[in-house]
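Here chain A shows up in two complexes: once beside chain B, once beside chain C.
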Partner chain A sequence: MLRFVIAAAVISGAVTFTAAEAAAEKVFRRANDLSYGGKESLDPISATRFYEVNDMVYSRLVRQDDNGEPAPELATAWTSNDTATEWTIALQSGVTFHDGSAFDAADVKYTLERIKDPALESPLASVLDFIERVDVVDPATAKIVLSKPHAGLPLLLMDYRVRMIPEGSGASIATTGIGTGPFKIESYDPEGQTVLVANEVYWEGSPKLDKVVFTAIPDSEARNQAMMAGQLNFNTLTLDQIPQFKDNPAFSVQNYPAGGWFGLVFRTDTAPYTDARIRKAMRIPVDRAEMMKLMVGEGNGVTGCDQPVKANDPFRAPLDCPPDPEGAKKLLAEAGYPEGIDIEVHTADLEPGMVRFAEVYQQQAAKVGIRVKLTLAPSDGYWDDVWMKVPAAITSWSARPADQILNEAYRTGSAWNESYYANSAYDQILDKARATLDFAGARALYQEAQRILFEEGGTFIPYQQNGLRVLTRDVQGIKPLDEDYIRWHLVDLIPK
Partner chain B sequence: MLGLIVRRAASSLFTLILISVVVFAGLEFMPGDACTAHLGRDGKGAVLEACRARMGLDAPPVKRFTQWAGDILRGELGTSMQREKPITEIVGWRLRNTLVLSAVAALIGIPLAVLLGIIAGLRRDRLFDMAASGTALVAMTIPEFVSATLLILVFAVGLGWTAGVVTIGYKAPLLEMVSAAFLPAVVLSMVLAAHIMRMVRASVIDVLKSDFVLMARLKGVPQQQIIWRHVVPNSLLPVISVIGLTVAWLLGGVVIVESVFNYPGLGRLAVDAVGDRDLPLVQAIALLFGITYVVTNLMTDIAALLLNPRLRTYRA
Partner chain C sequence: MTGLRATLAYVLRQPSGAVGLVLVAVHLLIALAAPFIIPYDAATQNAAAILEPPSLTHLFGTDRLGRDVFSRTLLGGREAMLISTLSAICAMAWGSLLGIVVALAGGLLDAAVMRVVDAMVAIPWILLVMLFVAALGSSTAALIPLLGFSYGLSVVYLARSAALDFVARDFVLAAQVRGESRWTIAVKELSPNIRDSLAVQGAMQWSWIFLAVSSLSFLGMGVAPPTPDWGQMIADARGIMRTAPWTVVWPMVFLSSLIIGVNLAVDAWAKALGIERLGRTPQS
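Up next is the complex of A and B:
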């Protein structure tokens, strides 16, 4: 009996001790989903970047404000010459890297020019290929020289991968993670635990949290269990996981505009889709709100009019496209199909919802006489043997900024132009937008490009899916916005 | 006796060769190859060609099989496509962790099952037997992911006695791993114990009805001595082969249990490898599971031979 009492006392003592320790030290716990299977790299431009950690340890030159527009971070101001080919960037002074060295224009030069290194095979290289070189004007000023005009440079510098690293650190950055961000790496093990500690001299003020601990948990149900058991403070969710947390007072669920989407791609170079009227007839009869409701549920997405641009992008066009079955029938009749049309759509069970998306489209299209034959292709080799090969197939994209996606997937001849869309007027609008320094003017052009895609493009995009996350109640300072909007030095844990 | 063991070992070896052929052929018949599976959308043109050249996929299948099998005999399991590391390096620690988990599960499950089985068998159809057998039936029919989730909900979320999922890395020290393995091992041992308990119970009942027990009774041997000297040792002999068979189930079970508990073992690695479409790693793990199964069965066969003289005289 005595032994039992002693054991109980020791155990309760241990519990109180850890509780007291937790109160003294604010430890924020997250999971990393190991989506790169342990190859997660601290190099921000790596194709397998450890994105959850990189957001916390590095800074960008330019970040987005809550509306998605460029705002100063390490750059305090930016101006360009009249032709948008030379950009002068003024830098924040007094900023130091985690190793104590000062941040200056030489680091900007090194970081931006390193992206082009072909040996690194960075996915960012093609996005920023128009940066010719960076000149160091003085330690607090850098000049970015472009090979062709680009008025949207500040927007591209906002990319979550364009993060500043110390000059000459390329060989070691993948494991050291030395940046200027609010947290610094204490230990790094993407398959086990990665521990970050507060950077007390962070230039925007010392972080409120003391530590951030990442645990590798690849299984999404296991992450939920960990969340339930109080082992995590922050976790992303899938749609079917909402009910587990929604009405639980210990948690809050956030739903934020993100921008991933499924689409149905009709190859514009293949009959019958060479006819723009048929392409439009395929897209306009669908009740997009209804389709989104069936796919992700009301409020878990944002409907759109075949726009690949994410919902909260400042350049997204405010289009409206209510279901128009009569218009679709009329277009089909004009194009020579008064009795309706038989088409074949390929899909695969690659991602949850990718087959259902095709099925819902099939039902919606049936009401105007578009008879869809669904073909389920094997998941293995889908991107290789089916996508961009068959006349009509389901596609899936993650969010990209307007300029990037409109060029990457629709410009004549670009590598991922999945609908083989070729329209020189469209290409010229994009060129002109890149040369337009006035923000409102550029916005008008990007919106015009989206309008063209709705009128005659080959890709049907009914909605963009929202992101979902769950937080424990004590988490403060995280707005319902995408992860790269979060200001981590302001995040706090305040027990209730 | 020795001849019998040699013959068993030879047939195990044959099974292993067959397994390696099946594992290799299974992936061979899938559409695409290791490179298209892994690269997905990027698997085009020069990137795909480079990958195929690096993995040696341009050689004919028979040549690749002999190459692969030869490497395995030298202890080389190839290179993981996703992790870009030698597979032996990746698999080593996880194999240890899975063995720790299985060992803890066996240490909890087997003594419990044997004890409960003996008592239930001796008190056949009485209240204890009905309760124990009923519980065993329930434990056998609940899928592991349900019992795992329930245990986490009760002991981690509700009572707060244990941590929910495992948060230590795969290279954690052995003692930490053992304590992390406790809750997952409980889940595994539930089904394990239920199977073995039912077997022990049936076996005890059989032996109690046998002639030599009747003889002992007639000679006036005390009841305790009959049970512990005659009934229990004889009824445990068939159980040894059941333990071997349960290993097969255990290997399937660890895949689910390790995923639910985020336990860094071979089972979770198998799921990750499939998710990453890392075919060389999937192949290696499938082979390892096969080897474990065959070796365990061989060992239980030999153990049964050593412990049961009657089997030794049986020759076809």
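Up next is the complex of A and C:
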């Protein structure tokens, strides 16, 4: 509450300021939700990374183009050796950090090798731990040496957290935010206001905005009100909030493929889900299109067949899975449950929709005699005490590219293998995919892995959800794409 | 029975008492008749009828899953009423028994037991219940003893102080001199005298427990879907209060009218019996 009052005071103060300065300066206003309680860090690889700000102050080596495929950012080109164990990266020249120092291969070495530092406990370590070392070939060339072949390295370098920081800056980066991005940190206060100013010497051209101001507003309803009152230019929405903005000429609402998802995870190491037939029977009777319609509305997501891979990922498998109640009944009967089966599913009121998701599944599953007892666990500690502990639970993931999620959540023994899936054939396909340099070949393998998950995996994923954001009408240059696709130096405010 | 009829007549003569009693009666009637009068199955989802405003097809509109809000609202108090009734009985039973026993025993036992009760009362009930729900999981079977225990604590105070008024009276002393057992004294001498206070307290406990169950359901720890429940309905619809008010207004109206009704009726009843209603202890 106190935070809300402070935020409200800060906003009203800021508004007075705008009125006077508007003509002179283009100030873009956003809110941060304080979901890390003020620990939001400017260190891009911290578990509490302040990613909205980090996206603007740092650059990656590789970014995605509008189709989600790797495109040059600080790296101008990348090539690997025949076995995909060594990657040579050519770097942009003439790029400087906000403190004036030049960006070169030594910074790449420092940034990438730092990810593995056990003291930092970065969540990225589990994704990029196969980077053995980085060699500085010359200031404009770095060589990334891998401990295992990986043909998809550029895709992983696109991760929103792999952002270049100056060599040796690890101790101070969490508060200085010195990067090569289009905006520089003027002041940093995640609980109050964080102010960014344009980096006039940004290597892709000077940004069109003068300033970006982030105000901490923890409550989603308060953020909405601030947006309504014209105190913010940009805000993310949930589906329920759309009607307030949709028909208002002062705003535009964007609906973009994002790929976050809820799932229902059955532990493959726990009876009765040790039987692949039962796992499949749990997943195939559901009308996924109807489930998506009930949960997020038509056109606000992409239905899928348990692929965890984000909807616009080039490696996503094109699967089709119309509801198959007869098939499910048959599988249940074969597995010894001709009269249906009683199961318990845990969920929690943790994220909006997490309980409803279970309720919709409960109704859908009832059609084939799967009688679901819903147990509502306390939200507090759900990820520690319930998820990966109970036999069946609702899960929630943000969008991840194919190689990352297929390894992170399904490879035998990986830390977040929530269904305890263990299939060496599956693991070998992923190893092979990583080692396959040819794009079409790698795609075939990743898609094969997703087909295996649909046939016998333990995770039910009916759809990937779109992202929703609202912008004031004067905002230009933000495409309806996920946050890390936005090219912030091109964003402008043009009053209409 | 004339006593009961006189009390009822007294309650009905007071406007607030009459309103309260009518509200409670209507709620009881709805709860009993609901399964036979609801037009739709309360759990059936309909993707083609999401968030429809009230109409003749759906009197109270539909919710985010296309379910009929009218049917859900009519059914939404039943489970919580059942839990509250059983919990209140449980709370009254152990609370009064312990209160009377320590009042009769006095001395060290009284002091020791009451300090333990003091300490327990200091823990907010919701923390206590959340702790147990976290450990045992949420189910009706687990909630009843939990709420019964936690709300019984304040009954111990009431029963003890009500009994203390009588333990030193001549008829109790006489019974003791006659050599009657403590149990007989408690049942035959004390109970008839403190019965009214306890009954009023029991009815109040019921409404507090009902609110507690609704709060737990609101927090996702009470009545589990697909059973509809007012607290759960309010929690689910609170984010769309402005754009689809019908999803949240009806469970609110039903919940508050029930609680207000019980309170008005119990106040009038306490007045009719000539007893001061016990104020809410920190426990409640």
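Simple rule for what comes next: the second predicted complex is superposed on the first by the 474 of 496 C-alpha atoms of A that agree within 3 Å, B and C clash if a C-alpha of one lies under 4 Å from a C-alpha of the other, contacts with A are read in each partner's own complex, and residues count from 1 in each chain.
Keep this in mind: contacts are C-beta pairs under 8 Å (C-beta built on N, C-alpha and C of every residue); 3 or more make two chains touch, one makes a residue touch a chain.
The structure displayed is predicted, hence computed values, not measured ones.
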Chain B versus chain C as contact partner of A:D189, first or second or both or neither
first
Which partner does A:D385 contact after superposing on A: first (chain B), second (chain C), both, neither?
both
Return first, second, both or neither, reflecting whether A:P218 touches chain B, chain C, both chains, or no partner chain.
first
Counting only touches as set out at the top, which of chain B and chain C does A:P338 meet: first, second, both, neither?
neither
Let me test your reading of the model: by the given contact rule, A:G168 touches which partner, first (chain B), second (chain C), both or neither?
neither
Please work out whether A:L34 is in contact with chain B alone, chain C alone, both, or neither, and reply first, second, both or neither.
first
Kindly classify A:Q231 by the partners it touches after superposition: chain B alone (first), chain C alone (second), both, or neither?
first
On chain A, positions contacted by chain B and by chain C:
221, 378, 381, 385
So in the complex, the part of chain C that touches chain A is made up of which residues?
43-45, 47, 50, 64-66, 130, 133-134, 137-139, 219-221, 224-226, 235-236, 239-240, 242-243
For chain A, which residues count as touching chain C in their complex?
221, 238, 240-241, 243-244, 290, 293-294, 297, 348-349, 352, 355-356, 358-360, 362-363, 373-379, 381, 385
Within the complex, chain B is touched by chain A residues 34, 36-39, 189, 191-193, 215-219, 221-222, 225-226, 228-231, 378, 380-381, 383-385, 387
For the complex, which residues does chain B have touching chain A?
30-32, 36-37, 40-44, 48, 80, 82-84, 145, 149, 152-153, 156-157, 160, 163-165, 167-172, 259-262, 264, 268, 271-273, 275-278
